[in-house]
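Shared chain: chain A. Partners: chain B in the first complex, chain C in the second.
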Partner chain A sequence: MTYQLALSQLLNGLQLGVLLFLLAAGLTLVFGIMSFVNLAHGSLYMLGAYFGAAAFAKTESFTLAILAASLGAGAVGLLLDRFALTKLYTRDHLDQVLATFGLILFFNELIRIIWGPGSIFMQVPDALSQTVDIAGFVYPSYRFAIIGVGLLVALGLYLLIQKTRIGMLIRAGATHPHMVSSLGVNIKWLNTLVFALGAALAGLAGVMSGPIVSVQPGMGEPVLILTLVVIIIGGLGSIRGAFFAALIVGVVDTLGRAFMPTLMRSIFERNTADAAGPALASMLIYLLMALVLALKPQGLFPASAGATR
Partner chain B sequence: MKLFPVAVEWRAPRTLVAIVLVVGLFLLPLLAGDDNSFYVKFATRVLIYALAAIGLNFILGFGGLVSFGHAMYVMLGAYAVGIPVQHGITSGYLHVAIALASALLVSALVGAVALRTSGIAFIMITLAFAQMLFFGAVSLKEYGGDDGLTIATRSDFAFFDITNATALYYFAFVAVLLALYLSWRAVLSPFGLVLRGSKANARRAAALGHPVFRYQWVAYVLSAIVCAVAGVLLANLTQFASPSYGAWTLSGELIVIVILGGIGTVFGPVVGAVLLLALEESLPMLVEATLPDYKSNWMLLLGLFIFLVALLLKRGVFGSLRGGK
Partner chain C sequence: MKKTMIGMLVAGALSGAALAQTTPIKIGFVGELSGPQAPLGQDQYDALMLLIEQNGGKLGGVTVQVIKEDSQLKPDVANQVVDKLLEKDKVQIITGVTFSNIMMAVHKKITDKGVFLIGSNAGPSPIAGAQCSPYFFSTSWQNDMQAEVVGKFASDKGYKNVMAMAPNYQAGKDFVAGFKRTYKGGTVIDEIFTPLNQQDFSAELAQVAAKKPDALYIFYPGGLGVNFVKQFQQAGLNKSITVMSASSIDGTTIPALREAALGMLTGSFWGPDFPNEANQKFVAAFEKKYNRIPSQYAAQSYDAAQLLDSAIRKVKGNLADKKAFHAALKAADIKSIRGNFKFNSNQFPMQDMFVFDVAKDSKGRVSLRTVAKPLVNHTDAYASQCQMKSL
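And then the complex of A and B:
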């Protein structure tokens, strides 16, 4: 029984991890290539969840919901990049943090105006609402699907970045933007492409977590902060780092929340444990980050020299 | 020791604005009339935010290190009042001492880890530590947890009775003046010179033999302490302490105040606090008057405003004025 619990918590952790990876991939690419810190990345996640929930309610097709979420968030990302943020790319990080902080407030209120302040409910699609039974071990198939999609996207990103011409240009643009643009590549459009791709991935993460979290204004912020932890631990600008760090953070956070209170209860008396357990569990990933930074300030998988300058 | 470390250019626009603002803030309770009026309480909040921003400006404006987690020290200060009062300890001096000690301890630890990084990683690691403390406060079930903690009585400063709103206002006013003077002195001191030098070029400052890390560390701790004092005052104003005082939105607001006023100026945070809080107070009224259906959505405009400030204002309102030499 306990091993079943442990296994299902481990899978929950993996599922959170791949969702975090979808967010972290976009954020870390945008940072690595444009040296731009985008706090509004969580807002794109929120927009994705809302677009997806709206499309799902209207068409009852989860495929269309996924398309609406990723294309919608990607389009918002494209517009943001072209019209709002271009001027900020050359500015220092302080201005970028401030501007995107303003955008978070803006998007949260915009969502409240359009969809109201309460949370909206999104159902698990019928085809995935069952559980899967593997040799006595029972787990919801929807969560399996999230893990599968996340791993597929990770593989796709790896192939895109490492094996295609576009990916080669993106890698080159990250380390030597001037050289790439003097070779006749429109680096601005390359940046826009990366930004929109990151936004679409954030939207995808949003719609996929729609049925398992509550879709409400401000839902992007806690996730954004987890994502920031992920890209710091993984090493800024590194997709590979983001992947492993996302899985680590997802698993550590989930296992911590599941088992820390019980673990504490076996060491301390009940009152102390009940108070400190959940707190310590929420702090666990930040402690992990502090530890990583104390030992390796560049993160676990630092992007190649030059990318982070 | 001279009172003024440099010759003050009295007729420079910056000096005039600063003097007018300080005198105006000094006279405000007299003009407001009623002792406990809304305006006095509002102005006290402005002063407290200004104090916290002065603290943040020390590391952000002069050290060039973007801390996105300074609200945690405000929260520490607030709980340094709330928790002892719940146990019947009302001495204000003790509250301040607890606030200073806890901010010193936390910021020394956080600073030691966070300052190992720079740039973007520093922004995010300070944010992460603030979140950590935020969740820590949420878990304090016996002190209200998520809902926060109502504080039965204000801090008892023996000779300075701050139970009256005007008295608390002047208490905060003196604290702001003191912080302004100290920050002005510190910036012009050799210590401040090295700090500003390391902002301009950390590698060069290190090559000149200055232990940059240690300077930044001390500056970080100092700025945290000022924020903790602001937290003590805030808890006394609202008679409430809650995890929301350590929310990352407050850290963001403090940065907005510093930028809005003018980064790297001593007096800028005061101007920024006056402007931002006046805006936050008047925007809802403005929206209600023009579009009553959307009166709860005024934050949309605030978000746009902050975005535009970041995009267009490079030196802030006060920073754009001509200063002394």
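And then the complex of A and C:
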């Protein structure tokens, strides 16, 4: 194994990680602050990809595609929160799961009616369609761009949550919603804002994935499962946890897929290894999740260590 | 649905009054019409209806009524809709069937009832071999054929080091095995099986880049193929490694791939650029009506419609004589749009297999272009296991 291979696998893991972070950040905030289980988060990711692909096809500008995807998904999130989900916030988690699962079916069908059942085309922007060559190490520039955007968003979120008044209210709302409410803050609007922000980030993740994966109905479900793993490992409601857990899951999953089959072959004979390698590799992150749950049931970085909840 | 049925009945009553046959022949269509794989079923349905419409609502001079059912890629749903077609609608013929697992779920039920099943896509090995039935005809291929032609092509080209990639499930294993059956003169240096729900292949592509094979054989149907091809191209590998695919890059995925797939190869039995007259007419009519290039799934289904047309005409619409109808189907007296077409002993096609590359057509659209015909009069490997009962 060469260092180039190891390095590009590490970057692949990092790229998957930041993409998962964009999704997990919104989901974990919504769960942490409103104690709301939103399975339709994957649908917002799908909507982002479709909005972005449509805008890109019309304008040929990737910047506009990003704007359309995040603002569009954010707007849908806002409407969802105001008109569909408000009543569910006080219900128990099972009701929320059922209702948002219904939303998944609704959005998949809606997309199918509007854009058809097949996958639609979205190309990499011309400026990023090549590979970057650093001293013999070749890596697709678009994937570099994803890593860059993801890290920037992470930094922005950190500043927003830690350094602004809104961020302070969000943090306070996460641990002591009734206190924040009685201090005169409109917690309802705060919730809406958080939900829309999460939706916008999911939309951004969707449009960034558009040129890599097939944009099709139901594309949100596989990625939703990974995202749930991330927020469980990271600790519900914790942005910091989501960030590190996303990177861990991204890297573990990628390295597992890359090297587990080879590793198995050096232990077992070829046939056994070929059967067990891929299976074990795809189980790896769930094993990790089980381990984390056994040792630290609150996740690696619990949001409100001091809060009574 | 109701409207078209009434329309057909009216059309039939007006023009076919002289015919003895007063009730239309009922044909059931079963296919994947929703979900990510719906473009396949849709193309099958559209091509079937195209020929019926061209014939003024008739097949073989007799008015037909097509009852369309969506099997949703779920074997239990397929069972229900087939029960409905057989028991309630009492259809005499069923056509379509998109996926192999659906075919396995409904094949026995339909043929045991003595209803003719004209499969226009899935061709799993059991029904080509030990479980073959006189009531089943395929106008597509046995699954392995599309892989075998690519294997033969790779041998003809003299590729020495080849890697294979496919999803980790039965069809993935079958398509890799089919490739290896005909690939001679080189080695498959590595086989990578990815989980069926995996969407991003970055880790595997890095392995491929490190191993530098002459060519890479892939089987990634539908959306998976779209993902794979885009990522392969973005990784800059298309300059150094030839991609050969089976059942991955086709008329249903090319619209989502466009330039990303240029130069990649795929094995099949038919391409939209075939010069024979029947094909040119079919492609032009399909494009005119549906405003897209037909895929191979449309081609298979159009031939199924032609087969029914010829057989119904031969028996003058009298399907009650099953022996005569069977003989008429078996004769396959049609101008297949693929050219050579005959039924083998197991009632699967015996046909030439081709390799295509992705290129721009005369109108500048990205489509498939014929590059080679590695297998002539090809038959599947399972026919010898089939002991066909006579009717």
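Just so it is clear, the second predicted complex is superposed on the first by the 304 of 309 C-alpha atoms of A that agree within 3 Å, B and C clash if a C-alpha of one lies under 4 Å from a C-alpha of the other, contacts with A are read in each partner's own complex, and residues count from 1 in each chain.
The criterion applied here is as follows: a residue touches a chain if its C-beta (ideal position, glycine included) is under 8 Å from a C-beta of that chain, and two chains touch if they have at least 3 such contacts.
Everything numeric here is computed off the predicted structure, so don't read it as measured data.
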Does chain B (first) or chain C (second) touch A:278, or do both, or does neither? both
For A:294, decide between first (touching chain B), second (touching chain C), both and neither. first
Once the shared chain is lined up, is A:50 touching chain B (first), chain C (second), both, or neither of them? neither
Quick check for you: in the superposed arrangement, does A:62 touch first (chain B), second (chain C), both or neither? neither
Identify the partner contact of A:112: answer first if only chain B is touched, second if only chain C is, both if each is, neither if none is. both
When the two structures are overlaid on chain A, which partner does A:12 contact: first (chain B), second (chain C), both, or neither? second
Check whether A:129 is in contact with chain B, with chain C, with both or with neither, and answer first, second, both or neither. second
If I apply the document's touch criterion, which positions on chain A are contacted by chain B in one structure and by chain C in the other? 112, 117, 274, 278-279, 282
Show which residues of chain A lie in contact with chain C when the two form their complex. 1-2, 4-5, 8-9, 12-13, 15-16, 112, 116-121, 123-124, 129-131, 138, 140, 142-143, 211-219, 222-223, 254-255, 257-258, 261, 274, 278-279, 282
Residues on chain B engaged by chain A in the complex (per definition of touch): 60, 66, 68, 113-114, 116-117, 119-121, 123-125, 127-129, 131-132, 135-136, 138-142, 248, 252, 255-256, 259, 263, 294, 296-300, 302-311
Within their complex, state which residues of chain A touch chain B. 31, 37, 84, 87-88, 93-99, 101-110, 112-113, 117, 221, 225, 228-229, 231-232, 236, 274-276, 278-279, 282-283, 286-287, 289-290, 293-294, 297, 299
Going by the contact rule set out above, which residues of chain C touch chain A in the complex? 34-36, 38-39, 42, 168, 191-195, 197-200, 202-204, 206-207, 209-210, 222-224, 226-227, 230-231, 234-236, 252-253, 255-260
